[in-house]
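What follows is chain A paired twice: with chain B in the first complex and chain C in the second.
For the complex of A and B:
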C-alpha cells in the first residue's frame, strides 16, 4: 500500500498502455462520428447560427452580431480535430493529460452537437442557438454539481463515502425553499440548508463511524428517507400553504465592470451569490486539502488511518468533522439548486447528487478536477434538457440518457484508471 | 462461545442473539419515528399542542388529539392492509361479504408478489457482496420486454404466458448484464452504474411508449397496448371473487423455493456466498471472481425482470409512463426489503409482506385521513436504517450486544 500523502502528484496513478490506447480509439470513433453524422450528414447547404447577446440586456452594453457557420464544414473540421487528438493519444500514448484531452474532446463534441441541432437547411435563419444562454444555463447546473462533488471530496478524502449527497441536495432544497419564501433572504436560506445537510452528514457519520454500518447502504437509505420525507412534507405542508414555496429565484449580483465583458461577463460575473460562494469554496477546499496541516491530516486519515492514528491524529474526530462539513456543503448546493429553479418540487434533483459523485471520480478526488468534470456534466445535463427546444431530429428521450450514459462511461474508467483514497469506504476501529 | 453468566433474566435470554428481535425493535422504532413525523406535520395536532398552556384541560386535549390522529393513521394502515375486525366478523357471522373482508389481505399479497421476487434478486446479489441498486431499472426493462411479447405476438395461453414471462426475465438479464460486465471487466462500482442505468431505462421506457409499435394505436400519450388476455396472470380466485391476488403469487413461491435451494444447496450459490463473505478466500480457492460477478448480475437482473413482468401481467396489464415510477418503484423498495430480511429467502418473504402491508395500508391511510402515502416509505427507510445498525437498536433497548453483529459489511468502498 503506497502512502504518499505528502506528495499528491507522485501518487497519481499511471494509466496502463492498453487503456490509454483504448481511450484514443474511443476518441477517434467520436471524431469520426462527429465528422460524418454531424458534419457530412447534415448536408452541405445547412447553416447554423450562433448568437451571443444575453437574454437580459441590463449588463450588456455590447451587441455581438450573429455568427453563421456552414454546419457541415464546421463539424467536419471539429470532427477532424477530435480525430487528430484521438490519433495522438492512441499512437503516442502520452502519460499525462489524457483525461484533460478527453474533456476537450467532449466539449468539442457538444459544440458540434449544438451546431447540428440548430442547423437550418437553406438560406433562411429562423433557428439559432444563443451560446451565452447555453453557457449560463449549464453553469447553474455545473455549480450544483460542484457543490456536490466538493462535498464528496471532503468526505472521501477522509475515508468516508458520502453517497447521501442526493439526499442532502433534497433536504437543502426543501428547507431552502421554505426559508427563502418566508424571509426572502438567501443568505439565511443557505445557512439553514447547510445545517440540514450537515445534520444528514452527522447521521451518516454517526451510523457509519460509531456503529460501523455499511456507509453505502446507510447513504442510499438516507437518500430514500429524505426523498420520501420531502415528498410527504410537500403534500402535507407546502401544498396547503403555498406561501412557503413561492418563486425564489436568487437575484444576480453583477460584479461591476467585469460583468460587462462580452460572453464571459454574463457567464462568470453576473451570477447569484451561490456561484461566487462555490468559487470561494473550491479555492478554500483545494488550498486547505493540499497546502495546510489540516489537509495533510485529512488525507492521512483517508489513506491510512492506522498510521494517522499512530502519530496522534484523532481519526474518528477528523472523519466526523469532514462528513459534517461535506454534508453542509451539499446542503448549500441543494439551496443553490432550488434558487436556480425557483421552488421545491419532490424528485426534481433526478440523480444530480449521484452525477456529482461521478464528477468527483472523474476529477480524481481533487477539487480542481471535480470542477472540470462538473462543467462537462453540467453541459450535458443542460443540453439533454434543452435541446428539444431546438427541434432536434432525434427522440428527446434518447437525449435524456446522455448525462447518465456519460456518467456510466466515466465510472467505468473508460477514460483512465482512477485511484480512490486507500481507506475510502472502509470502517475504522480504534483497537 | 456461550456466555457463562450464571443468572440471566428471561428478558436477556429472549433478546440475546436473535437478529429477529433486533428487527422487531427496529420496526417499533420505525413506527415511533413515523408517529413523530405525523405529530409534527399534521395541522390539528399542532393546533392542539399550541394551546397546551391555555387551559387546565388543554394538555389532556392535546394528548388525546395526538393519540387520535396517530392511532387513526396506524389503525387504518392495519385495517387497510390485513383485515378489519368488523367486516371479518360480519363475514363470519352472516357468511356474506367475504370478498369485502378479504380485500385488504388480497391487496397486500398482490403488492408483495413482485416485491418478493425483486427482493430475492437483490438479496442474492447482497449475499455475493454486490449492491444491485438497479433492480428498478431491470424490472422496468422486464416490463418493457414483456409488454412487447404480450401485446405484439399472439399465441395460445399455454405458450403466450410462459414466453411473456421469459421475455421479462430476458429483459432483466439484459439490463443487469451491462453493469455486471462493466464491473467485471473495468472495475466500475456497481452502485453508480446501476443507479445511472435506472435513469437510462426510464428514458428507454418513454421512448418505447412514444415512438415504437408498442404505443397503443391512436394514442399520443405514453401508453402501450394492453396485454393479450392470454399473456395476463389471472386472478387466483377467479374474476368474480373481486380479489386481485393473482397467479403471480405462485411464481413468487416458486422463486422463493428456487432461491433457498440455490443459496443453500447449489454449488454456484455457495461460490456466491463465499465471494460475498471473503473475496480473498474465494479467489484463493479458485472461484472465478469475474464469472461470479457476471452471473450474480444476470441472476439478480433476471429476477428483477421477472418481478417487473409479473407486476405488469398480474396487476397493471397495460404498460404506461408511470410504470414502477415513484411510489410504485418496487425495485427501490426491494433493496430495503432485502436488507430487512437479512438477504435470506425466508426473511425476505416476511419483510416483503410487512412492507407490502405498509404500502397498501399507507394508501388506505391517505384515502381516509389525508396523511400522504409517502409516510409508509419514511417508516420503511427508518426501519432499515435501524436494522443496518443493530448495535444502536440494542443500545436503545438495553439488549445484550453480541460482538459478531457489530460489523457487517455488504459492500466494500469503491472496489477496483
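For the complex of A and C:
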C-alpha cells in the first residue's frame, strides 16, 4: 500500500488550513445538535431499548439480551464525543484522516438519531430498535451501492464517467428477475445481469469512445431510456405473465460457526452469495488497480492517456474493456438488488445508482473508500426508508438527502479534497 | 543508430505539413532541426515516432526500411522521444512513469517495484542522471521532470533520442544542465535529434543543423554560421536580432507599487513587499526564474488577483484591488502570460477578440446592441496595421498560429490610449520573425511615451528591451540594475544574492 499512502499525502497536503477548521466547526455543530436535541431534548426520563435478535431466532445459539439505555444521557455522551472529535479537528488541524473522522461522526450521529427515534417516555417499554435488523437491512443497501461504486471505479479510473450505473441496475434487476423466476437459479441470473450491464457499458463506451460524445449526456440518456424501457416491458411482459416475475429472494448461505456469532454473524456471515461476491470483487479490483501491471496501465489511461499511448498502451482498448467490465459489475448489482427485494418493480432502484456515484466520489475513486462511503450512505438510505415505523416527528426525506449533501460538500472541497483521475470524462482523440 | 529519412511527405487534407523531407542522423551525432513554429518540425517528429504515418517517402533505421504503426513500436525499436509537453503521469512516482508499458512483474501480474527501482538506479548511474525513483512526478521541478522523461527513454534502450523544444520550460541553469546531458549521451554513442527555434542553443550544441521552413528542408548549416545567417534561413528573409532603441527620455511616474503583498493560489505570500516604479517612456523589464512571484505581481496589477496589503497606482490614481474593468479604464493595457487562457476567447472570431476590452463602448456598441460594422472596420484596420496573418477577420482566433494570436492581443491592447503597458512573457513560444515584430511594437510604444513593464524569463529579451532591469527572487525585488549589467550579476540576483540599485 506504499503507493496509496504517497498519493494520499500528495492530495491531503493541499487542504488549506481554513477548510480543515471549517470541517471541525461543522463536526462541533453536529455534536452540539446531537447532545442538545437528541440528548437533552428527549427528556431525562426517556429510555431506549436495543435488541440484537437475528431475523431467525432458531439458528442463533448465542444471543445477547436487550440493552436499555437512558436516551438523554447516552446521546449527551455521544454528542460530547462528536464535539471532542470536532474540537480536535478544528484546533489540532490533522493533515490526514479528516474524512474518516467525518465518517465516524456521521455513524455516531445516526446511532443517536436511532436512539432518539426509538425512545420511550414513561416506565413501560413499547419501542425496540433491533440493531441487528437495522444492520442487516442497511447491509443489503450498502452491498448494492458497493457494486455500483465499484463499477464507477472501474470506468472512471480509465477515464470514462459512468453515469449509467442506475440504468445498469435497472437492466440487471429486470433480466435478473426473469431468469431467476424461470430457472430459480441466481447464479444464471447474475451472469445474465452481468451481460446486460456489460451491454449497456458497451453502448456507453461505443458512443463516448468512437463518437466522442459527452459521456455524461450519454449516461443520462441511457438511464432514462432503460427506465422507460423497463416500465414498458414490465407492462407488456411481466404484468400479463407474472410467472416471469414471481418474486424470489436469494437464499442465504450461512458460513458455518461464524454465522452464529451474535450481531456480527447475521450481518457478515449469513448473507446471500451476492454479498460474498461483492467482498471478493472489492478485494480483486483493489488489488488489480493498485498492485498489478494492469492497474498501472488503467490508471495511466485515466490520468494521462497521451502518455500511456506514447509507450504503446492501447488507450481506447483499455477504456472499452473497463467500461464493459464496470457495466457488468453494476449489472450484477442490479440482480443483487432484485434478489434482496424479491421482484422487479419499475423505478424501484430510485436513484441508488446516483448514490453509488456519490459514494465513489466520497470514497476518492478507491474501492476501499467506496466501501466505507457505501456503508455510510446505505445506513442513511435505510434509516430514511424505515424511520417512520418509529413515528419520528421529522420528515425522514431529510435523511434521504444525506448522501447528496455529503457529496456536494466533498465535491466543493468543504470536506477534504478529492481529485478525480485527471482525464476523467474527457474524450480521447488519437494524434 | 543511423536514421535516414527519404522524401517524407505528410498531408492533412489539402495542407502539406511536410514535403519531401530528407534527413540523416548519424550515430553519436547531435542533429538540430531548426525552424519557426508551424514549420512542420513536430509533425515530422511524430512521423518518426510512429504517432503519425507519412503519406510518401520512407524511413531507414540502420539501413533497413522501417515503418511504425504506433509509438510503442518506435520505442521498442530504440527511438525515445522527450515531448514538449511531458508524457508523464503527474500522480505516479518516477519509477512507475519510467516502467509504464514495460513493467517488470512478479506472480499474479503484480508490479515488481523493487526491480523497477533497481533498473532506474542503474540507468541513472550509467548516464549520471540522478533522480529519486520514489518521488512523485508532480512534486518535482520542471527540470527534473524532463530528466525523468530522458531517463524513461534511456531505460527503454533508446539509441535515438528526439528532444522536442526541450528548453522552452527550463531556467537558464537547467538549460545548461540539459546541454551537458545531451553532450554526454552523444559521446556514449546515442544519436540525438534536437528540435528548436532558439538560435543560441543550436549554435551551442549542434553537430549538424537542418533548417526547415513551411514543411520543406531549405538547407543545412554549420554551428559556426552566425545567428543572423541562421535566422534569415529559418524565416526566409533577413531579420534584425537586436532591438534598436532611441535614448531614454523618462517622464513622470506612471506606475507606482509600494510594499505589495499578494498571495498565490495556495494562500502563501507569492509577492512579499515589492515596491517598483515605471516612468513614462521607459521599459522596466522584470527578470527572474519562473515561479518567483512575477505572475502574481502582474495579476495583481491587472486586477485578477486580490492584494493583501500595499498599493498600486497608475498616474497617481489608486487602483489597488480594482476590478479588471476598472484597471483597463485607468489606462492599463495588459498582455497576459497565458494568451489562450486569459488573453483570447479561442472560439470567437479575430474581429470579436480585437474588441474584447471595449465591447460595450461606442463605437462598437450602442444602447446595448453591437455595431458589427464598426467591429469589422476596427478589425480590418488592426489586422493591416499589425500584420496579423489570418484568412479573414471572421476566422476563429483558434485557427491562427501562436505568433499571430499574440499579435491579436498586442493589437487589441495597443489600439486605445494607454498610460501603462504590461506584457507578461510577450514572446513565449513565438518564432524569430514574430519576436522581432512584437519587440518593435513594444519599443515604439515606449518611444511614444508609454510606461512599459515587461515580465520575461528569457534573459536575452530582458537585456534587449529593458531600460532598467528589476530582478525578482522569492517574492521580492532582489535588485534593480542597468541593462549593461553582466549576465553573471543578473544570474546571481535571480538566485537571490545581494541587492543593488541603478
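As a convention for this text, the second predicted complex is superposed on the first by the 397 of 431 C-alpha atoms of A that agree within 3 Å, B and C clash if a C-alpha of one lies under 4 Å from a C-alpha of the other, contacts with A are read in each partner's own complex, and residues count from 1 in each chain.
To be clear about the criterion, a residue touches a chain if its C-beta (ideal position, glycine included) is under 8 Å from a C-beta of that chain, and two chains touch if they have at least 3 such contacts.
Remember, it's a predicted structure, so these values are computed and weren't measured experimentally.
By the document's definition of touching, of the two partners only chain B reaches A:224; chain C does not.
Judged by the touch definition given at the top, the superposed model places A:67 against neither chain B nor chain C.
Applying the stated contact rule after C-alpha superposition, one finds that A:284 touches neither chain B nor chain C. Contacts of A:313 after superposition: chain C is touched, whereas chain B is not reached. Within the superposed three-chain model, A:91 lies out of touch with both chain B and chain C [touch as defined at top].
Of the two partners chain B and chain C, more residues of chain A are touched by B. Legend: residue contacts after superposition of the two complexes on their common chain; A:107 is shown touching neither chain B nor chain C. Where the contact sets of chain A with chain B and with chain C meet, they give residues 419. Listing the residues of chain B that touch chain A in their complex gives 37, 41-43, 131, 133, 182, 186-189, 191-193, 195-197, 199-200, 203-204, 206-207, 210-211, 326, 332, 335-336, 339, 371-372, 374-375, 377-378, 380-382, 384-385, 388-389, 391-392, 406-414, 416.
Residues of chain A touching chain C in their complex: 2-3, 6-7, 10, 14, 16, 18, 291-294, 296-297, 299-300, 303-304, 306-313, 419, 422, 431.
By the touch criterion stated above, chain A contacts chain B in their complex at residues 161, 163, 207, 211-214, 216-218, 220-222, 224-225, 227-229, 231-233, 235-237, 240, 347, 350-351, 354, 357-358, 361, 395, 397-398, 400-401, 404-405, 407-408, 411-414, 417-420, 424-427, 429.
Note for the complex: chain C touches chain A at residues 46, 49, 51-52, 70-73, 75-76, 81, 83, 85-93, 96-97, 100-103, 105, 108-111, 113, 134, 136, 138-139, 156, 266-267.
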